[in-house]
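The two complexes that follow have chain A in common; it is paired with chain B in the first and with chain C in the second.
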Partner chain A sequence: MTETIAVLFIFFILILFGIMFYYKYQGVAFKEKQEELLGARAMDTTLKVLFLPEISCTKGEAEPEDNCFDMMKLRHANETFKKYITKYYFNLFSYSRIYVQEVYPEQTQYILYDKEIPFLEDGTKGWEKKEPTFFTVTLKDESKSAIIPHYGFGYVVVEVYL
Partner chain B sequence: MRLSKSRSAQMEMIGLVIIVILISLGMLFAAQFALKENPQKKIFTRKGLSYSTMSALMKTTVYEPGCEGDFKSSLNPQIGKDLLEDCARNKGFIQDNGFSLYRCRNQHTCIFLREFISEMLNETLGGWNKNYEFTSELIQAESDVPQPLFEKIVGSHGGCYKKERDSSGLFPIHTESGLVQSQLLLCD
Partner chain C sequence: MAVKKKAQIAVTFNWVYILIAGAVILLFFIGIVVKQKSISEENLATDVVRVMESIFTGAGVSEKTKNFVDISGLADYTLFFGCSEGVTEYGISGKGKPVQNNIDPIFAPLELKDTVLVLWSLPYKLPFKVIDFTFVSSRKSKIYLMGNTPFINEFINATSGFDNIEKINDVSEIDPARNYQFKIVDFSGGQFISQGIPSALSDVDDNKVTAVVFTGQDQVDYYQKEGQMWKKKNKLPVRIISLGGERDSARFATIFAGDDKTYVCSMGKAFLRLRYLLEVYQSKLTEMKEFYETDPQLMAGDCYNYISDQGYEVNVESSLRSLKNRLDACLVNFPISYDYCTEMVGAAEKLREANANLAERGDCLTLY
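Let's turn to the complex of A and B:
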């Protein structure tokens, strides 16, 4: 009888451990899933930015250049983004911040899109995490020479909010 | 009496079997945790970033004092098109900062390239705490063994030793001296 009780006791202890472990695992799995979704959104937004005709290097009907932003477009892109932020760009980028940092030859920063999740009613910020994605790009500048385009070096940062 | 003893032994056996099953289930759970795949974003970023960094670097136009070369005009050289070729052609004069067509920062092109590429990579990949390695090699017709154009560039956080890594792929350039192959390895 005592042995049976002992076995049952151990059995229930193990069941309890199992439940506790599963509960913890579910918490971690949920967070991981959330991060995975955020990562996927960051990836998706970055790809959209890299192929955005408003800033990419295009020339007539030729194929756009890979990982290349046109400086002439970039310098004025912010105005277009601001003008159509609610009508068009919010559907594309949702709550995120996108900027291009020139590394060489100058060090200028171009903020393209900035839409943060609004503050909550109690005054705290509306997002708890942001996921940045970096991508190196070449910055084509045709204003420096009419014959050969000049290429700078920079990167684009896409931060998505959760 | 004997029957009751054998029944009790059977019960104990069942208890043990249940415990073993539960422990196995727990271990399966733990293994699932341990063998979890790398997040897709990490792989996508590493692959895309290595390629985009390399292609951006190769296209970059250099504006440094002395870079006009012998042309004495406002032609600024590109890393992939002009400087790597110049470095390959004049690799033999690298000792004592010898002759090269371009004299960016008053240095031999190979010396300048190593310095400049290190700076660019350090400001981008280095700033994002990435480990990386950049190599540029010359393959000549007379020899099968590729010769490094300059010493390998390794990130300030270290290179790629036994780690998950992705390559930009080889960026080949045909020059008069042979084939110049550059590659960037990015790792976590």
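Let's turn to the complex of A and C:
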């Protein structure tokens, strides 16, 4: 009888170890998955921003200029993004912060979109981590001369929240 | 003697106990395996649609690029695509949660089952670029083109590599082979409709045989096999709202769309984006006007006259306003008001003309 109890005891201890190991592994795997998804979301959002018709440089019927933002559109796009954030743009960018940092000729920062995960009920911030992605862009400004557009450069920063 | 009998019962009882315990343990592990199998299938479905979402994002922005995605791991599953009330839903039939997308216009068959997914995107312009249309097809989704129009050659050249597009002169040339579904696209008025289902396709499931008939320059009808006859799916002809020309994405989309409803639904997404985009262009126009208004000499020039509604008859300001008004009428009760969207074409043409006039001058600011 004592032997049976001892065997059963060891058996259940082993089962318990198995369950504990499994849950620990699941927790780590879940965190890894979340980080992977965050990275993928950061890349997807950056890709969307680089090709946004709201800010990209165009020239009539010709192909749009790659990695180029039109300053005359960029200066106003944030008003539209802000106005229709709930109706439309949240579905495009989700919880993220997108801004363009001009490096030359000036150092102006243009915030295009900013939607942070809301604070929790206990007052703590709603996000644990943010993943920034940087991409160099040219900034075309035709408002300085209609004949030869001025090209500056800067970088676009896309921060996605987790 | 009595002691011996008791021992025999005890030994038997131990075996029964061990058997029951063994069975319970076995069942426990079988339960875990079954549960894990179903969880893995759900995870696979979720992973697949997530990957598809990323692929669509990539395909959607990489204009005019064809992507061939190996989905041989999903050969046993059926992918579905649908669009209603401005939301596209796609995923694996009966598995996992489908993805919902209310931004990207995706034109795809209602169902797909294949080992290779074909993705392609083209920009939709009215007159400036509004959004990229994503077209989804597969090698086993056969498209037969009939008729005599330059568009057929343009379509065949543009979709080279798809390996699922064939030009035929008559429906009798159709050979189903090992394809999953069939679409007949006719540019000659749809005379084959009255002849019923082609004999080669008579045994194929109804939902796998469809037809698109171009009944005019800018309108199509959608048909679906019903027994041995064709059933028209749309009540009114589906209008193509575009400026025409080469690589007309709205025209290409009619061929890739599953039916009239998904086509109109996806077009609605493009029109919604146009509404927001127009506001950005309106702001750009204000800045353009300010640029010329600061200098009286510039204000008196041709450039300003092509921009301001006080200037020439065809100008950017009034064309943009007209496009916005017509877009509002189009979206007021969408998709019922879809036919009003055709009125945007005239305004968009005028805007294109005004912008081209500005570009032609060489020293003027252009809207796009």
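Operating definition for what follows: the second predicted complex is superposed on the first by the 133 of 162 C-alpha atoms of A that agree within 3 Å, B and C clash if a C-alpha of one lies under 4 Å from a C-alpha of the other, contacts with A are read in each partner's own complex, and residues count from 1 in each chain.
Methods note: a contact is a pair of C-beta atoms (placed from the backbone, for glycine too) under 8 Å apart; a residue touches a chain by one contact, two chains touch by 3 or more.
Quick caveat: nothing in here was measured; it's all calculated off a predicted structure.
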{"item": "First (chain B), second (chain C), both or neither touched by A:S143", "value": "second"}
{"item": "First, second, both or neither for A:F30, with chain B first and chain C second", "value": "neither"}
{"item": "Which superposed partner A:F119 touches (first chain B, second chain C, both, neither)", "value": "neither"}
{"item": "Touching partner for A:F9 - first (chain B), second (chain C), both, neither", "value": "neither"}
{"item": "Which of chain B and chain C A:T58 touches, first, second, both or neither", "value": "second"}
{"item": "Touched partner set for A:A40, first chain B, second chain C, both or neither", "value": "both"}
{"item": "Residues of chain A that lie at the interface with chain B and also at the interface with chain C", "value": "40, 43"}
{"item": "Residue numbers on chain C that touch chain A, as the complex places them", "value": "50, 53-54, 57-58, 61, 63, 102-103, 125, 128-132, 272-273, 276-277, 279-281, 283-284, 287-288, 291, 303, 355-356, 359, 362-366, 368"}
{"item": "Touching residues (chain side chain B, partner chain A) in the complex", "value": "8, 11-12, 15, 18-19, 22-23, 25-26, 29, 33, 39-42, 44-45, 48-49, 51-53, 55-57, 59-61, 63, 74-76, 78, 120, 123-125, 128"}
{"item": "Contact set on chain A toward chain B in their complex", "value": "3-4, 7-8, 10-11, 14-15, 17-18, 21-22, 25, 35-36, 39-40, 42-43, 66-68, 103-105, 133-138, 145, 148, 150-155"}
{"item": "Chain A - residues contacting chain C, complex", "value": "37, 40, 43-44, 47-48, 50-51, 53-56, 58-61, 63-64, 70, 72-73, 75-77, 79-80, 83-84, 88-89, 91-92, 142-143, 146-147"}
